[in-house]
């Protein structure tokens, strides 16, 4: 690098110029944002907001960091006013002084975003802005304030009271349906034929929508009506899976739940969605008595790797380690005898992991954390239930049914939140007790 | 009070018991609000919110003050945390410290209200809560913090970007129409027949709605299509006013604009409403070239009373005072000769009042303040334009047309906001210059 | 009239000239109708239909008879073609010959009406045309062909399969609600407040609509939720009647059913309406077990007058006649003792009239004919149940509950249609048997 | 066939038994239809109609002919009544006698179908019934009466006044969109991506719907916004065709129009559809001045084959025949020189064919017949405009623009209908005059 070639120099001179151009574009957009905040009239404000939206939406990708830098730097609270307000409040904690302090502490960015939001398409642009911005948050910790302001606003705007729960089926506009195909995160939708099967008469799909983001699902859940609790995912996903008469079903399996908007990270919708859908289906189909998920155990295998050293020292641990090592071979499950040997060892570990492994006092597995926090009960482990590549890599092919008993979710939730006690079936409890790690903790207590 | 009668003692013993009962009811409701805030799970939270809503909605009127007292007292920021957060921020004004400070400064009431809002009907209950609470604000300044928190939330929730502009006509559900009858503040609607006339083919009515308050207009405006600019209100309000073909009209008269929700005080909707309606009508009826109001001058007569002493000392002031005194007789306008004498004196004062009288650098008349701030122009004074009781008492029967020229509102607004200069017609300027008060100010400059 | 005055001669000369003008207007409209029928292209046809509609709608009332005359005279089948088609069919009854005969027999008016209907507003105009035309049918029997053609078309167009059953409540557009007020034929609606009571939470109102007549109810039914079967109409109609919780009701009372469109005379909607509404309410409110009407007996008193001579000769008839004569005094029911004496005589006659009086093998009372034909059962007679003027004049203040048992209507209907046997309660049967007329017929048989 | 094998005998014995089973099923369904017609009550009628619908819908395909046979045989008019009614009318052609005759001539099947239609799904089943039935009409001429009755009813039910024109785009429910893919008859839609391109911002799609057949387009038309009149179809159909800003377009090209329902054969919708869509687009996009089709000439090559003998005898005919023979080679257009030679000969024949070839006084080409009858003008021939297999086989790769000038369609239509004169551009006229066949007719006159 001592002697830059002509080309390198050329590139060197080009890049800065491009950077300058990006920077200039970002600056122009920012000027409109500044104008928006200083505007006093609502009528002119609406015009400026419209222009600011257009300017932001047409920013090229390379210009975004400059824009976020300016957004982070230029809308902080006024320190002098803040100090004065705090001192006044400190001296006399009156209502007026508190209100004044609250106003001075709020970043002017919040008012900026509220004004920006007045223009049609503003909400969508702000959600997209946060999505793009958080992608760079790790390398730009200075943007944290923007993130906090947007999260605070979104928490207010996307309040559950403003959301509508809508059924999605084959009568739904295509513009919404194509988003299911795009967003589905758990079990990919292969195309329109696949989608149509998932919206057939023995299936249900529900989503939350916000009035300012029409045709944009915030979160959606997929349900299959079955006879008995599903023990494997493939039969549900097969495009040519035979349809059953929904009136003959006794079980509703929630087999996929997808958060659609990265820009709404931190605003939770999922907890209520499951319960509301279960209630609604229970009313429409009184014969359906069982509401359960068919869920992966995404943290299982990486947890398994982490306990290796601990295992070695346990009695019989070496043999178990040896059995567990077999699953490193991607085809381990295809040989029946081999699979059976693995099963005997693996199931207790999976039960133990789900029932007892913790992270910050909560269940270690993220999916378990979600459902147990909702008040569900750990019901059944299903062997070779998801042999897809991801299923094998993360969950060792296992899936679990979390059971939602509407009359128990409240108390399960309470117990889980207050005492970190997990509600589970007798089988799961027994399997977990068989695990070699179980001796170190008291797994029998607290039934 | 030394020797309370038996009755007094009786009352004394009764009232406390009623007060105690009210207080107990308020306390019970408040306990649910406290539970709502401390609840960690969303599912249980939804149930608690529902119960809290029911408890609040069933509070008897006498219990409300106790409830608001508790609401004011029990949800303040934690002072120690606040101090610590401030000190940390003061020492190191990092993003993290600012975010922490912002969180500590926010009254927990805001989170409480956000949770309360998740239950169906929550938004409506909160708007009603503020309406009831502000009615007692003067005697209960300690409730100001509640008011500030609700106003802050509503400012976010009722952002223009979340409102829809809807036409209201005879095809609108009765549940909405009856609210027009109930709310109309400017020119009372006498009943369904009166309303039907105001929604006929040569009229328009538009309102802003919020998705969480279906069937509840937030603000509505009434428009009449006319040939030429209306000079009096009665012909517009008469239930048997002849209809004209809207295609033959050249003018749209905005003759009434009503804010419906006291609970949304301070959240302004009106500015944009007029302009959006004007744009929409301009597109639908290209022949309509004039958009104007027919407005009262509600502050005129009380201002007139206030300038009496000042007038006395002006040359010719006494004679004018004498003429102005005639309008104290409620029937002054019924004698033509008398009315004519009054007219000559009154018009210049009205023009002067609208054009030059100020309060805090803004137009003294509240209606003028609203329209001039919107960028409208003071166009024409109309003599004996509203001889209703209120019209005579407040505006001395005068009405004014504010003209909205879509290509001028921006610059009018700018000039008004920056330089407090009022845009006005040549006639108004001339009348104002004729006013005896005009010598003291420079009314010719700034054209 | 021998020597007509100047004025009379003047009037004489004026009237013909007016008549001529009307005739000319009718002729002009008819020319457009003729053009419409002879038009071969659909595009031009649509224009001509629009013009024909405008011409017809602007015809002054006096011009209508001339127009109907032309409509009757000018669109008859071509006799020569008809004769030829018949002869061909008579000689060879082939499909082709039958089809040809069917075409030749159809009046060209039908094709004319079908073309007229293609233009927006056409359906409404045709329904109005029949309404206006049938009003003069008695004096213009030559218009019967028009009536038959329109009835035939309407029977096809207003097929039940094309109608929608819609609930009407306070969320319904005012343009529909005002039509309820206008049309209600059984128990007049006094205004919007009265209407609101009838649409409250413990009431239901349903109507059939046709897609081509939006906002025009074809028939509507009013239902009250009650505890026990209503025995009088006033408590249901009182605008300040206390509301009950619909979940606490065990009975749905159909207290009014109104055909709205005279122009659709002969096309029946009512039979299905009651049953569909009963089914729908039964699903929504499982606790409601009783579906019944509260109906007048409009033919009762005129029938009573008709049997006078017959009565005189029966044993005890004179005394009964004497008792019955009391109801000629409009205030007969206000004296309790008097009313009681009347009751004893009147009830058996009313029961007999409803249960056994026939006209053309069907129930003599028109309301009984309707409900019994629908499969309802004669359940209970209610004394002094409708003391309104009309109630006293037609039904002697009596009202009857017809009971709709969903599992019996089929068989009741069958028995009534095939054997003219009326389904009735034990009480009604007993009362009818007590009637003096009952000895002449066998009222006990056929149970 | 003299000595039937065992197998044949077996089959012989099997088939009749299957036939018998089909026949029995058809008979059972027909019994319900008979019951439906004889039913007197509407309430029971509705139940019978529901059962009849279910019975018909579950008939296996082989049972349908038996069912149609019964439908043809058992619902004819009563001959004796018909004769009596005719004789009465013949003797006295009064209104009453005519009405009676009309009733006796109508096949009871019509009333049967009207009753069948009252049940939900009835209309769809009848439209499907006609679709299935007409497929066998050639071999079953005895079903013509059924066809005539259904066509008569459908002509009444699907009157233009009952249809709604709806835009179809990406916001339309998938259940409708998949039908476009299924039905598109002119230019096949390859799948959802292809469909999405055809519904993009620079395209429009409109369809007629009937309220009783929700989600079932009756006919739809596809439009592309272009700059200048399209000369070839491939650029419009390519899934990756670049999008243009609709505001920049000056032309709307109707490139596909599809009748969806075989069961509605004979009920025309297309004529009005094009004109209504053109009017609507003209209002929304005032810059679009040209409305034209891009249409195949499906009858061209078969007509060309038919004139061979006639050509041979014309001067120069042999040489032309030789040139025309080249197009029998499927790749003729791929050699430029060859194609150019063909072009010179082919274009005049195509112009002549479109402008002058007749069949029953109308244009010989079915697409020309449709558009010319609508009042369009033959505007431009486009060379190698559709090189798809079908395009080459039917139209020799040629396509034609029919121009819809809204202010001319009326007069064009009139001239075409009355005088069979085709409106055409100067170029088409010139090309047609160059055709060898042109000497035999006077092609220059009448302009």
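In this document, chain identifiers A, B, C and D correspond to the written order of the chains, with residue numbering beginning at 1 in each.
We take it that a contact is a pair of C-beta atoms (placed from the backbone, for glycine too) under 8 Å apart; a residue touches a chain by one contact, two chains touch by 3 or more.
Because the structure is a prediction, the values reported are computed rather than measured.
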item: Shortest path length from chain A to chain C (each step joins two touching chains); value: 2
item: Partner chains that chain A and chain B have in common; value: none
item: Shared interface numbering between chain C and chain B [over half = same, under half = different]; value: same
item: Identity of the chain that, by mean CA position, is farthest from chain B; value: D
item: Length of the line joining the C-alpha centres of chain C and chain D, rounded to whole Å; value: 43
item: Whole-Å gap separating chain A and chain D, where each centre is the average of the chain's CA atoms; value: 52
item: Interchain centroid distance [CA atoms averaged], chain B/chain D, Å; value: 61
item: In chain A, residues with contacts to at least two other chains; value: none
item: Of all residues in chain D, those that touch chain A in their complex; value: 170-175, 177, 191-192, 196, 215
item: Touching residues (chain side chain C, partner chain D) in the complex; value: 40-44, 46-47, 72, 76-77, 79, 83, 86, 90, 93, 95-96, 98-99, 101-102, 105-107, 114, 117-120, 122-123, 141-142, 144-145, 148, 152-153, 155-157, 159-162, 211-212, 268, 271-272, 275, 373-375, 409-410, 413-414, 417
